[in-house]
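I'd like to ask some things about the structure below.
A, B, C and D label the chains in the order they appear, each numbered from 1.
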Amino acid sequence: MDGLRRHKSTFLLPGLLTLFLIIIFPLLFTIRVSFSGWNVSNPQMDFIGGANYTAVLHDSRFWASITRLVLLAGGTVLIQYVIGFGMALLVWREARGRRFWRVLFLVPMMTTPVVMAAIWQTIFHESLGPVNDLLEMLGLTGIPWLTESGPALAALMTVEIWQWTPFMFLLLLAGLLSLPKEPFMAAAIDGAGTWRTFRKVTFPLMAPVSVAAVVIRLIEASKLSDSVYVLTSGGPGSSTETPGYYLYIQGLRDQQTGYGGAMSLTYLVLMIVTLTVVAALLTRAFKLKGDS
Amino acid sequence: MNLNATDLCLTVDGVDHLRNVTATFRPGRLHTVIGRTMAGKTTLLRALAGLQGVDSGSLTRAGEDFLRTPVWRRDTAMVYQQFINYPHLTVFDNVAFPLKRAGLSRDEIRHRVQQSLASVGLTDFGKRKPSQLSGGQQQRVAIARALARRTGILLLDEPLANLDYKLREQLRDEFKALFSDQGDTIVIYTTTEPAEAMMLGDVVLVMHEGRILQTGTPQEVFERPATTTVASIVNDPPMNVFAGRLKGGQVTVAGFQAAHVSAHLAELSDGAYQFGLRATDVSLASSGVDGEVTYVEISGSETFVHVVVGETPFVVQLEGIHDVDLGDLVKLRLRPDRLFAFDERGALVRTPSHDLVSVEGR
Amino acid sequence: MRSRPYTRVVAVAAVAALTATACTTQSEVQHKPKKKAALFKPGSEISYKKYGRNYPATKVKDGPGSCSYESISRKDYSGQTLKIISHAVPVIGEPTQLHAKQFEEITGGKVEVVNVPFGELHQKILTPLQAGQPAYDVMFYPSLWIGDMAPYLAPVPEEYLNTPGMRDVTQSYMDVATWDGKVVQYPVDGDRHYLKVRSDVLKDPRWQAEYKKATGKDLKVPTTWAEYQETAEFFSGKDFDGDGKRNYGSAEVTKRDDLTFSAFISRAAPYVKNPKVKGGVFFDAKTMKPLINTPGFVRALQDMVEAKSIWAPGGANFGLGDEIFSFGGGQTLMSYSWDDAFIQAQQPDSKIRNTVEAAPLPGSTEVYNRTTRSWDKKANQAAYFTWGWTSAVAKASSHQEMAFDYLCFFSNEANTALDLTIGRFGVNPYRISHFDPAFWEKQGWDKDVAKAYVKTLSGMEENPNRVFDLRVPGVNQYMSALANGVAAALAGQQPPQRALDGVADEWVKITDQIGKDKVRSAYRNVVALEDKS
Amino acid sequence: MRSRLYPVFKYTVIALWACFVAGPFFWAMTTSFKNANAVQGGPTYIPWAQYEPTLTGWRNIFGGAGGVDVVGPFVNSAIVTVAASAISLALGSLAAYALSRYRFRLGFIKNSDIVFFFVSQRIMPPVVLVIPFFYLLQWGGLLDTIPGLVIVTVALLLPIAVWVMVDFFNGIPREIDEMAMLDGCPPFQTFVRAILPNSLPGLTVAAMFCAVFGWNDFFFAFRLTFTEVQTLPQAVVALNSSIPPWWTLSAAALFGVAPLILLALWVERLLSKGNLSGAVR
C-alpha cells in the first residue's frame, strides 16, 4: 500500500500541473486585467477598481444574451438528446444498413463549426439558398431566416442540432451497445411491450450515460458563438447574440480587454454555478447516486 | 519461512474489518479460512497480499517486515472469487504474464505455462481469449496463472463461490490434488463452506467479525468448536444452538425434559446452558419438543425442515423425502448424547466426545 | 527504475520549445537586397494569363519607374522572407497573393501571405503591433483605421513618394494616406460609394410608360433618396427582367457586423453634410459632442427603416457579398456601395454586363444645418469617400525595403491596370490616369457605361461637398456602436431617434475612454479634409 | 405487439434524419462545382441539367490562383492535432488513472474536485484565454510556431481526455490492477501492461474527441499564429471574404472533413464489434 501511495502523485501530477501551468497565467491575467481600463487605444494594466464589474451589472445586452443562452442551450441540448437517443435506438439493433447510418449520423460532428456555419449561411440565404427554394417548391412562402429574430433563432438552433446531435448519438449508442442483455430478456419474458420496455428498462439503464452526455453538451453549448458569428452576427438587432459572441465582440473585436475580462469572469462564475446546479438536479432527477 | 501475522487491526469508516488477527501460516500447508460473508476473510487475504493496508499490527516473513514490502515483491499469487484474467491476452499469455515479469527464459515460460494449463485441464485452450471461455474455465485460467508462478504464498479467495454446484464439487476434488503438491508454498484458501474447508484444509481458521475465533485441524474445529459461533459456522446447515437447563445430567429444553441422562454432561454442575446440536442429530418424532414448521427445503435425497421452537430456530436434516408442510406442528427429538454444551457466554464446556477443549484464538 | 514515457514526452516538448525560441528570435538589422540582372525589358507586355483561367487575357505594357517589373526584377531578395497580412480571398486578398507570387518569381525572395476575414483583421493586426511582436512586415487594411495604426507604421520613404505611380494618385487618396503630415499608408485602392442601377430597365420605354402611369413621374436614375425609394418600391415584387422570378428594388449592406455603417453614412451624407457648415459631421470638432443623433442622421435612419419594403428576401441581413450577388445576379434594380459590385456586374461572363450604369449617390432636397438648428431647403448632394483598402509597412519590420518594394510593385502601373478590371480584387481607380473611358471600353464595356462610370468617379473628386470616414483612434468601436444602433432600428427594436440617441451616448463614453484630446486632434485632420475644399 | 407499420415508420424517420444530416454535404458538393454566375442565378442542384459545372472551386484550394492552398495547412493541422492529441491522451490517461484508482485529499479538495477542475476548463470561454495566451507564447517565443500551438491545444484537449478516461477506467475492475501488481508489476508497469491494453475503446473515443476538437479549432490557431503556421480551418476561413467564393469555400469545407470521416468509420467499426462497450458511460 505504501508503494501505491508513493506512486499516485506521479500519475496525476504531470497532467494536473501541465493544465494548471497552462491555465493559471491566463486566469490570473484575466482577473488582473478585469480591474484595469485596458482597451484598444490604451493597452495598459492600470487600476480602475471595480468599475468594469459595475458596468457589467448594468450591461443589459450582456444579461439579455445570458437569458437567450439559457433558452438556446437548453432547447438545443434537449432536442439533441431526444433526436440523438431516438436515432441511437433506431439503429441500435436490427436495422438494414445500420452501419452506414451510424457513420453518416456521426459525420456532422467531425466538421469545423466556423466552416460549416459558412455553408449553412449559404443554405439559409433567403434568395440564393436551397431552403427557401424547397419551401417554395412545396408551395410555401420563403422564411426570412436570418433577418427576423424568430427564424434567425430557429436557424441557429438548426445548425447547432445538425452539428452536435451526433455527439449525443455517439455517446448514447455506445451506451446502448454496452447494456447488459439480461434485463431485456426479463422484460421480454414479462411480456412488456416496446414502450414499457423502454420506460422501465432501457431508459433507467441509460440514465448515467444520459446525464453525462447532457451535462457535457450543456458545457459545450454554453460557449456557442462560432455559428452566431458567421450566421447572423448576432442579428437582427441583437436578437441572436449569445454571451460567447458578445464576449468576443467586446473582448476581442473591439479590444475592450479590461471590460471583456470582467465580463468573462462574471460569465465564468455564473456558468460554473449554473452547470453544477444543473448537473446535480439532473443526477437527482435520474435518481443516481452522486458519485465520481 | 512462516508468514506471521500479529495483532493486525483495520477499521474503515468506523467498521472493524480486522480485529487483532494473529496467525501463523506455514509453508507446505493449506490453510482454509472459513467464515460467513463479511467476516473479514477477503480483507485478511488482501492485507497479506499487500493490496490493503492495516492500521496496526505486524506481518513478517523470514524476518522481513512484510508490511513494508510492496505488492509486486511479496512473492504472492492470488485467485479471486470473480474470474479475473487479463481480457486482452490469450489464455497462454495470461498464464505467461507473471512469468515474463519474473524474467524467465522463453523455454521455461513455455514449459511452465503448458504444465500449468495441463494441470487445470486447459491444454487446448491456450489460443483463446478469456471471454471465449465458460466461467469455470476462466477460473481455471486464473488458477493456472497463480500456480505457474510457484510463489511462496498462494491466496485463493473463495475461488469456487461463483461457480455452479456441480462444477464446484468437481473443482474442489481437483484442488485437493493440485494443492497437495505445492511444495513449500503457503496456501491460504477462504471459503464459506464447511465441507470445503474441512476437506481441503490442513489447518482451519475460523473467522467472524474480523476476529479469528479458532485455529486448528479440521477435526479439532469440527469436533471441538470453541464457541457457539464457531459451531454454527463450521457446520452446514449451521449447528442448532438453543438455551436449556441441566439438572443432574438431564437436559430440559422448552419445557420438555429429555428421557435419558446424557452421560457426557453428567459431571457438569446444574444450571442454565446453551446447547448445540447438529441438524443430523435432530429428528421428527411422536413426542419431544413442540415446534412449528416454517420452511421446508428438499435437496436431492435430503430434506431440511426449518422449525421454530418458541423463538428459537431449528434445522432438522432428514434422510429421504418427507412430507412436511409449512405450519405443521411437529415434535422434535433431540439426541441427548450428541449435545455440545456451552456456557452462557457461548464458550465450549463439553463435547459429546467427553474431551475438554482448550480454546484458541479468542 | 525504468525511464517513464511521459518524462520523455515532457523532455521532447521542452527541447522543441527551446529550438523554436531560438529560431524566432528576430534580428534588428535591416536587410538590403543585392543587385541582379533584370528579367524584363522595359515596356514588356504583362498579362496574368499564365496564372490560370480565372484571369483575363488582357495585356498591358510595363510602366516606367522604379516599381516596374523591369526595375523590381533587378533586385535580389533571395534568402529574405516578407510576411504579409491581408483580407480574405478574393477581395484584396487575391491580388495580395498574386503579386506576392510574382514578386517571389522576379526577386527570388519569399513572401508569406495570410488572409483574414474582415471582422478579424483589426485585432489580428493590432494585437501584435501593440504587444511589440514583429508579426507582419506588410499589412493591408481599411484606410479608416489609420488612427489606430499610425503609431506603428513606417512612413513611406521619399524615393517611393517620387515614383510616377505615386505622383499620379489623386489628392483625396494622398490625403487619406497621410497622418500628422507624414504619408504612412501606401495607396493601393481608391474607394467611394456610388449608385448602381439597371439602365436597361430604367431606359425601357415600356417600363417608363408604366411608371409614368403609376406615379405620374418620369422614370430616371434617382437623384434623391426619396426618388430612390419611390422607384425601388415601384419595381419591388415585379419581374422586370422577364426571367420568371420576382425582382426587387434595392440591395444594401445591412448585416450588423459587416459594413452597414458605411451604407448608413451614404444614406445620411446629403442630409448631414451642409456645405455652409464647417467643423465636423460626426462630432462638433470643437466640443467633441456627437452629432450622430441630430435630425439629419435620424432622417436617414428613418429612410433606411422604410426601405425594408424594397429589399430582396434576406435583404435585412445582407453583407457586401450578398449585395453584390443580388445586384450582380440581376435580382435587384439598384444598389449603392463600392466599385466591386459594379465591376463584378461588368465581368465578361456577367449576365447583366453593359445593362448597368453608375451614378453619384442620391442626394436630398433639404439639408440640416446644425448651427441654425433648422433644415435648409435646398438640393444637396455629398460625395462620401468611404474607406478603401490601403497598405502599410510596420515600423518594427526588419525588411522595410523589401516591404516597400513589394507595395510599389503591387501598385505599379501594369498591375494596377490589370487589377482594376477584375471585380473580385476590390482594387478601384485612385490615380488620375484611371479616369479614362477608353481604358474601360477596351475591356469590352459599352461606351455609355464607361463614360458614366468615369464621370461618376471623377465627379466625386471634383465635388467640394465631401464626407470622409471617422478616421480616429478607436474608429471600430464608434462604428460598431453605430451599427448596433442602426441594426436595432432596422430590427424594429427601437425607433430611429432613440436608437441614435443610444449611439450618441455610447460615443461619448468611447471618447472619454480613449481620451478626448486624442480623438479631437485626430478628428480635426478629418474635418480639415472636409472643410478644405 | 409491434404494429406492421412500425418498419415503415422506422425507416421513414431514419431516412428523414439522413436527409437532414446529408443535406448540407450535398449542397456543399454541388456548390463546389459552380461559379459566380451559377450561384447568382438562384439555387440549383443538378450539374449539367441546371448549371454548367466547373472545377474552379476545387482548383482554387489546391494552389490555383484566386484561392488558398490547403495542402500546407492540412499538414500543419495534422501535426498539431496528432501531437496535441497524443500528449493529451498520455497525460490525460495517467491523470485519469490516478483519479480512478487512488484517493486524493488536500484540505477540502477530493478526487471529484480534481476531475471537476479538469472538466471545468471546458467551461472557460475561449475569449478569457486567448489574450493571455498571446502574451504567454510571446514570452516563450512560441507565437506562430507549431510547439506553441500544440501547448495551447493540449490545454483544450486534456480535459476531454481526462473526462473520457476517468469514466472508462472506473469501468475496468480494480482486480486487474491488483492482479498485475501481484504478478510482479510496479504501478507504472501495471498501468502500461495491464490497463492501457484494455483501454483501447476508451482511448479511441478520447482520441476521437481530441482529434475532432483539435482538428476543428479555429479560435486559438487563428489568433496565436501569423504566417508560418496556418491550420486548415484558417485556410478555409481565409475564403470568407466580403465577396465569398461559395464554390471554393464549399470545396475547402469538404476537403477539411474528409480525414475525419475516416475516423468516423473507424469508430463505427469499434462500435459494431462491441469494442466500445463501456467506453462511454
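To be clear about the criterion, contacts are C-beta pairs under 8 Å (C-beta built on N, C-alpha and C of every residue); 3 or more make two chains touch, one makes a residue touch a chain.
Remember, predicted model here, so these are calculated numbers, not experimental data.
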Both-way neighbours, i.e. chains that touch chain C and touch chain A: D
More contacts between chains, A-D or C-D: A-D
Farthest chain relative to chain C (centres taken as mean CA coordinates): B
Separation of mean Cα positions, chain D and chain C [Å, integer]: 37
Inter-chain centre distance, chain B versus chain C - centres from mean C-alpha coordinates, in Å: 91
Intercentroid distance (Cα basis), chain B paired with chain A, Å: 56
Chain centre separation in whole Å, for chain D relative to chain A (CA means): 15
Residues of chain D engaged with two or more neighbouring chains: 39-40, 42, 91, 94, 131, 135, 151, 186, 188-189, 223, 237, 240, 244
Residue numbers of chain C (touch at least two other chains): 4, 6, 120, 123, 127, 258, 325, 329, 331
Residue list for chain A, restricted to those that touch at least two other chains: 3-4, 10, 14, 127-128, 252
Residue ranges of chain D touching chain B (in the complex, touch as defined): 173, 175-176, 178-186, 189, 193-194, 197-198, 200
Chain D-facing residues of chain C, complex: 2, 4-6, 9, 13, 16-17, 20-21, 23-25, 48, 51-55, 83-85, 87-91, 93-94, 97-98, 101, 112-118, 120, 123-124, 127-128, 131, 133, 135-136, 245, 258-259, 319-321, 324-325, 328-331, 340, 344, 347, 349-351, 424, 426
Interface residues, chain D side, partner chain C - complex: 35-37, 39-42, 56, 59-60, 64-68, 86-87, 90-91, 94, 131, 134-135, 138, 140-148, 150-151, 188-189, 192, 222-223, 226-228, 230, 234, 237-245, 248
Residue ranges of chain B touching chain D (in the complex, touch as defined): 49-51, 70-74, 76-78, 80, 82, 84, 86-89, 97-98, 101-102, 145, 149
Footprint of chain A on chain C - complex, ascending: 4, 6, 10, 119-120, 122-123, 126-127, 130, 148, 255-258, 312-317, 322, 325-326, 329, 331, 473-474, 476-477, 480, 484, 487-488, 490-493, 513-515, 518
